[in-house]
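Have a look at these structures, which come just after this line.
Next, two complexes with chain A in common: one pairs it with chain B, the other with chain C.
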Partner chain A sequence: MNTLNSKRRWMPYLWLLPSIVLMAIFVVFPIAIVFKLSFSEISKSGIVGGFIGFKNFKDAIGLPAFKTVMVNTFWWVLSVVGLSTVIGFALAMVLNQKFHGRKIARAIVVFPWATSLVIQASVWNYIIKFEYGNLNNVLLNLGIIKQAINWRSSYTIEFIWECWVGIFVTIPFVTFCVLSGLQSIDASLYEAATVDGAGFWDKTWKITVPLVKPSLTVSTVLNIIYVFNSFPIIYTMTKGAPANKTDTLITYLYMLNFYDRKKGPATALSVIGFVILCICAGIYMVTVMRKEEEE
Partner chain B sequence: MSPEVLKKQNRTALLLMVTAVLLVAILLSLPAYVFRAGVYTKKSSNTVVGDEKYLSVLDEVNAVADEYREKGFDVSVSESVTERTNSKGETTSLVTFNISQEFTRNGWSFLGAGLSSSLILVVLLSCTLLSLACAVAGSLGTMEDLPRRLDACSSMLRSAAGFFALAALILVPVFVMNNTVLFSRKLSLYNAGTVTDGAEAFYRKIGAFLFGDSAGEDPSGALKGLTFHSTAAIWLTVVPLFIMILAAIQLRHGSISETLMRGLLYAFVLVVCVVTLYPYYVMLVSAFRSNAETNDMYFLHLLPTKWIWSNLQDIVNRGVLRYLLNSGMIAGGATLIAMLCGIPAAYAMARMNFKGKKAFLGFVIMSQMFSPVVLLIGIAQLMSTLKLNDSILGLMFINAAFNQAFAIWLLRGTFVSISPEMEQAAKIDGCNTMQSLLRVLLPMAAPGIVTTLIFIFINAWNEYTISTVLISTASNRPITVGITQFSSFNMIEWQYLFAASLLATIPVVILFMCIEKHLVSGLTSGGVKG
Partner chain C sequence: MKKILAIALALCMVLSLGAAAFADDDITLDVIICQYGPNTQEWFLGKGMNGTNFVDKFEAENPGIKLNLEVVSWNDVYTVVDTRIAAGQAPDILNIDVFANYANEGLLEPVSQWCPEELYNDFFPSFIDQSVIDGTVWAVPDLASARALFYNVDMFEEVGIEVPTTWAELEDASQAIIDFYDGEVYPWGIDMTTDEGQAAFAYYTWGNGGGFVDADGNWAVNSPENVEAIEYAIGLINKGYTNPSPATQTRYDLQDMFAAGKLAMVIAPNQLPTYVADKGGSINLATANIPANEGKSSSSVGVMDRVMAFKDESAPDQAKRDEAIGKFAEFFYNPENYVGWVSMEGFLPAVNSAVGALVEADPSFGAWLDVLGGCQFYPTAKAEWDQVKQGVIAAEQNALTGASVQAELDALQAALVG
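Now for the complex of A and B:
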């Protein structure tokens, strides 16, 4: 009896073991390594020296591009997450209506989600080329413009294009999150509201938005993290050029580590990014856990 | 509504349609385009405006202009002055006199011209007339019926009336845009000599349309300085066509506002779909162009002039199949590992109670946040310690580990939603836990498992950042890294880049479309994203 009991007690951990081992090695270990490196002296060739306190962090913050990069990261996350949430929400409202061809429309909307970011970025890179890009070709052919337009005349505009591609690939995720929330809303609520004389906006603000809020929170927080971590779009379209003016934290630390060989500050930036993410993750976790408890 | 009122209402709608068709006919007979073509140029150098030489040349030019006027042409004289300093240091002017002929063409004159615009106009007019015909035919003998009591045939005819009117409406901007391309873009490219294919036939056609028989065999000279603009008349045809749509809606549904909302909805969905598909269109057509065409800034066409299928052969020769195979292996291996580790963990989380369950769940959710990108440096270090860098196996493990959270989360959701009674029954029948999991729970959870499986596969297939850091041997590259070999700093082989992208995209998009329906229900239970 005793053995059975202790077996019972140990069983769950045995079932969890493969998963724990996998994540311990490939997720937890790299975290530990990054933290250790950020407090160590690292030579250009990657030889790790002793503990040097916060010197790497001071170096990182002292880099000339640091401020630009942080501001860019802020705008990148804010614009991509904000706009894709608004557009995705509207799109979900529309796709939740019954109409002919809804299935096809849904299948098409999901396309950018299934496509690799590096491919998506390459295509847009070609589309907005000034000399021979497809956008100029199409607009000229439609007679909408008379002269080819330089779509990337300054780095600010290039950064806006990068944000657009970010929005473009993020919309499907928001749409489907909101859609899953919308589908769980009881239709009788709307009918009752209609009987009470509520208009479209009343129904949207007083029924739809509050009930979709949980899905919206999940999608927004996850998006903040994914967009923050997004690397291929900026790396493919501008590589952060000119002079880190279009870099975000992630692309910058990549360039710093693998091109400029400033490994110390790069690991420090990694840790800074990680801490920012952890704060977001913490907020997210609390929300989800609370939701779990409610259920 | 009484039959009398309905009859009156329907009659008004039909009357509106007839009026609208007449209006379209009238608008088409008004001048639609104003052209201005140069017929005579005289340059006079070393003069000053107002001096003798200038006056004599002006007289000469005016005489020529009068000659044209006598022949019945509407011509005007214009002059432009360029200041110059000659070799003696005196400032003189170069005066250029232009006699240009201004003339108009109305909509009807396009009909017999044999241009692409003529065809569009024919279709536009047919649609308008068909719309009217359908509305009349659909109302014969049913004028007093409520819209919802109509028999199938008349309701179909009335709907068709609306659709034909809509088609005609859409064709108006198509017509105008096509004219812009004909008289502006194509003409200027031919004039500049950047495009020469089919120039002669093009000049002859346009010349015959604009100048009639007087154009002669080579009208290209007269077309050099052609300018034109459309008038309001051609755009105004949109108004009666819109009225026709409204009248058709009135006939079909009785209520207009609801249908208009519906129309807006379709328009919105259409715009979204067009924008979404646009990059895929670019990928598709660019993949089959020649390199010269992908880099041609004067490229005229929306589709490749010749579909070059050998691009596919070329990329295969450059190792794309190997990359696809690698991607398949990485994604397949990662999925397998993630599922082998994830299913037992999810099972334990769904069916067992133990200490630290909540902490583990918290960790799972947290780890969903850790994109491998921010840990890139740590991962690179770890992999070289484990001797797993530059290997497909290493990428399998990394992808599996970073998708583990998602696997557990989604599978747990699936397992929880299935009642444990069946498994308990199986256990009473003598199965152990393992057997009940394999024989009872997994088959029941199949849809959720397939969704998870495909999702992890796609995530791993599309992964780029880690692979680009870890893989240095060409033969180990996955496709996402492999396609970057077509774009170097000085030259990008767009056609190969897109052909390879196409091959990398098609399978995952199809897979994704398969799980799209399940994804909507799966998403509520937890966060998912690639």
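Now for the complex of A and C:
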């Protein structure tokens, strides 16, 4: 009996050991190294020197593009996470209805998710191309426009396109998180509400939203992390050009490291990004959990 | 069963250790080669060298030297090399474009230590000069390419204009092309992307008597000639004579437009005809000098890549290692191997001994070799080159969004000398 008990005690840790070891090697260790690097002098070829305090951080914040990049990152995360959540939620509501061809519709919604981001971004690049882009072609042939439109006439518009592609590829993820939440709602709740005279918006706000909230929380927290760290869309579409005006923190620190070879400030920036993410995710989780406890 | 497996595995490991010990007299060179095109991998590791490959042929001819050769794409090579240096596993031999950072940080072996004299004297001296820091040669050129103006002959005949040689003529020709084709064809291609915006800087500033450095070789990015040149280039864009998004349209986008007959003129390397043919284009193209400002001389832009050897303090026998690297170089540049390599990817050679065979195979090479003779190169031997390259691209891109060229270049110059 005694041996069985002690076995029960250490067995879970044994089964967890492989993932703990893997996490330590591939997640914790690299993060620790980056923290160490951010306080060290690093040469252009990547040779690590001694401790230099906060110099890398000071250099990073002093970079001329720093402010633009942080503002871009803010809008990038806010617009992509925000709009994809709203659209994804609406789409999930539609897909939760019973209608003919629902399975096909669901499959179509997953498609963008199943393709790699680089391919998605390249395809969108072609769609909005001025010279022989599909969008101009279609609009011209339909007679909606008379002359080809330059869809990328300024960097602000290019950045908006990048946000749109970000939203487009993020929608499926939100849709499926919400959809799984919707399917677990007992239909009798809606029936009872209907009997009591509740309309569509009442049911949405008072039954659907509160009950899918846990799924929505998960999808939003994960989305903030994914979108903040998303590299391929911006790198494929503009590489941050012109002059870092369409960069977010992640693409900027890559360019800083491998093109400009300012390796010290680049590691400092990645630490700053990590801290920002921890804070964002932390605040969100804490508020949501507190609310749930209150309820 | 598991026990047997474990024992078998352990045995394998012990045996492989033994094998390594037996082969101790062999020297293994880690080599990184950049991927110039689809044939590079086949040539070095597949069957692209008359049914065999570089590594097998080299090892057969040089017993006792093994090659651990990797072909890496240009996109990844800086990351790969930096990571290996940081991990203390720098390659023995590296083929790449830049060298100054590695040399300045004391990572490279001087060429004189490993390059046999006969081979050294075979390189074009003007090429070797580009790899000198403080009087020491740190790398040798592996191949080169030269840039010239390519134009669509049929379009020029249709419009009835001559190829421009000056900036003023370029504007007139552009306007004529716009008028004739009603804006359907871009007259002039400009690439100010992070890919190659520094080339645009070179084309215009060198054509106006300016450049990255002054006559003494000191940085002079904000010279009046440079400011005038970049303002001229930005003017071409603002007047609508160019492709619409120079900050994101790379030279490859321009070459595609040229091949599709959407662009009348483009500055491109000598491989453009092959590129157009590969794209299925049938453009009637010809080359001309890059237009320069009135009274200034046109100069072509040469681009050169390099081969260099890293130090390895841990090597037991330094002399033997240097000798092995020398043998690699001799084999690489042996006309028997080198001519095939250079012509396969459409590049220009870096050694005299290859010229004869190349011109014989393709007479058009002769003209390009002349161009190469008069080329200017980027000042890649200067330590601040990375910063200058990124700096001029950022200046161009900021100017595209309305910033003052003078202020942008002044700021860069101040950062360089301050």
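One rule holds in what follows: the second predicted complex is superposed on the first by the 268 of 295 C-alpha atoms of A that agree within 3 Å, B and C clash if a C-alpha of one lies under 4 Å from a C-alpha of the other, contacts with A are read in each partner's own complex, and residues count from 1 in each chain.
Keep this in mind: a contact is a pair of C-beta atoms (placed from the backbone, for glycine too) under 8 Å apart; a residue touches a chain by one contact, two chains touch by 3 or more.
Since the model is a prediction, treat every value here as computed from it, not as a measurement.
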Mind working out whether A:255 is in touch with chain B, chain C, both or neither, as first, second, both or neither?
second
With the two structures laid over each other on chain A, which partner does A:201 touch: chain B (first), chain C (second), both, or neither?
neither
For A:240, using the defined touch cut-off, is the partner it touches chain B, chain C, both, or neither? Pick first, second, both or neither.
second
Per the contact definition in the header, classify A:131: touching chain B only (first), chain C only (second), both, or neither.
both
Tell me the contact category for A:18 with respect to chain B and chain C: first, second, both or neither.
first
Does chain B (first) or chain C (second) touch A:111, or do both, or does neither?
first
On the superposed three-chain arrangement, identify whether chain B or chain C touches more chain A residues.
B
For A:51, is the partner it touches chain B (first), chain C (second), both, or none of the two (neither)?
neither
Both partners, chain B and chain C, contact chain A at residues 131-132, 258
In the complex, chain C touches chain A at residues 78-79, 81-83, 85-86, 101-102, 105, 107, 192-195, 244-245, 247-248, 257, 260, 262, 386-387, 390, 393-394, 397-398, 400-401
In the complex formed with chain B, which residues of chain A make contact?
9, 11-13, 15-16, 18-23, 25-27, 29-34, 37, 91, 94-95, 97, 99, 101, 104-120, 122-124, 126-127, 131-132, 134, 137-138, 140-144, 146, 148, 173, 176-177, 179-181, 183-184, 215, 218-219, 221-223, 225-226, 229-232, 250, 253-254, 257-258, 263, 266-267, 270, 273-274, 277-278, 280-282, 284-285, 288-289
Please name which positions on chain B make contact with chain A in the complex.
176-181, 184-185, 262, 265-266, 268-269, 272-273, 276-280, 282-283, 286, 294-297, 299-302, 337, 340-342, 344-345, 347-349, 352-354, 357, 360-363, 365-379, 381-382, 397-398, 400-402, 404-405, 408, 433, 458, 461-462, 464-465, 469, 480, 483-484, 487, 494, 497-498, 501, 504-505, 508-509, 511-513, 516, 519-524, 526-527, 529-530
Name, in rising order, each residue of chain A that touches chain C in their complex.
43-48, 130-132, 150, 152-155, 158, 237-245, 255, 258-261
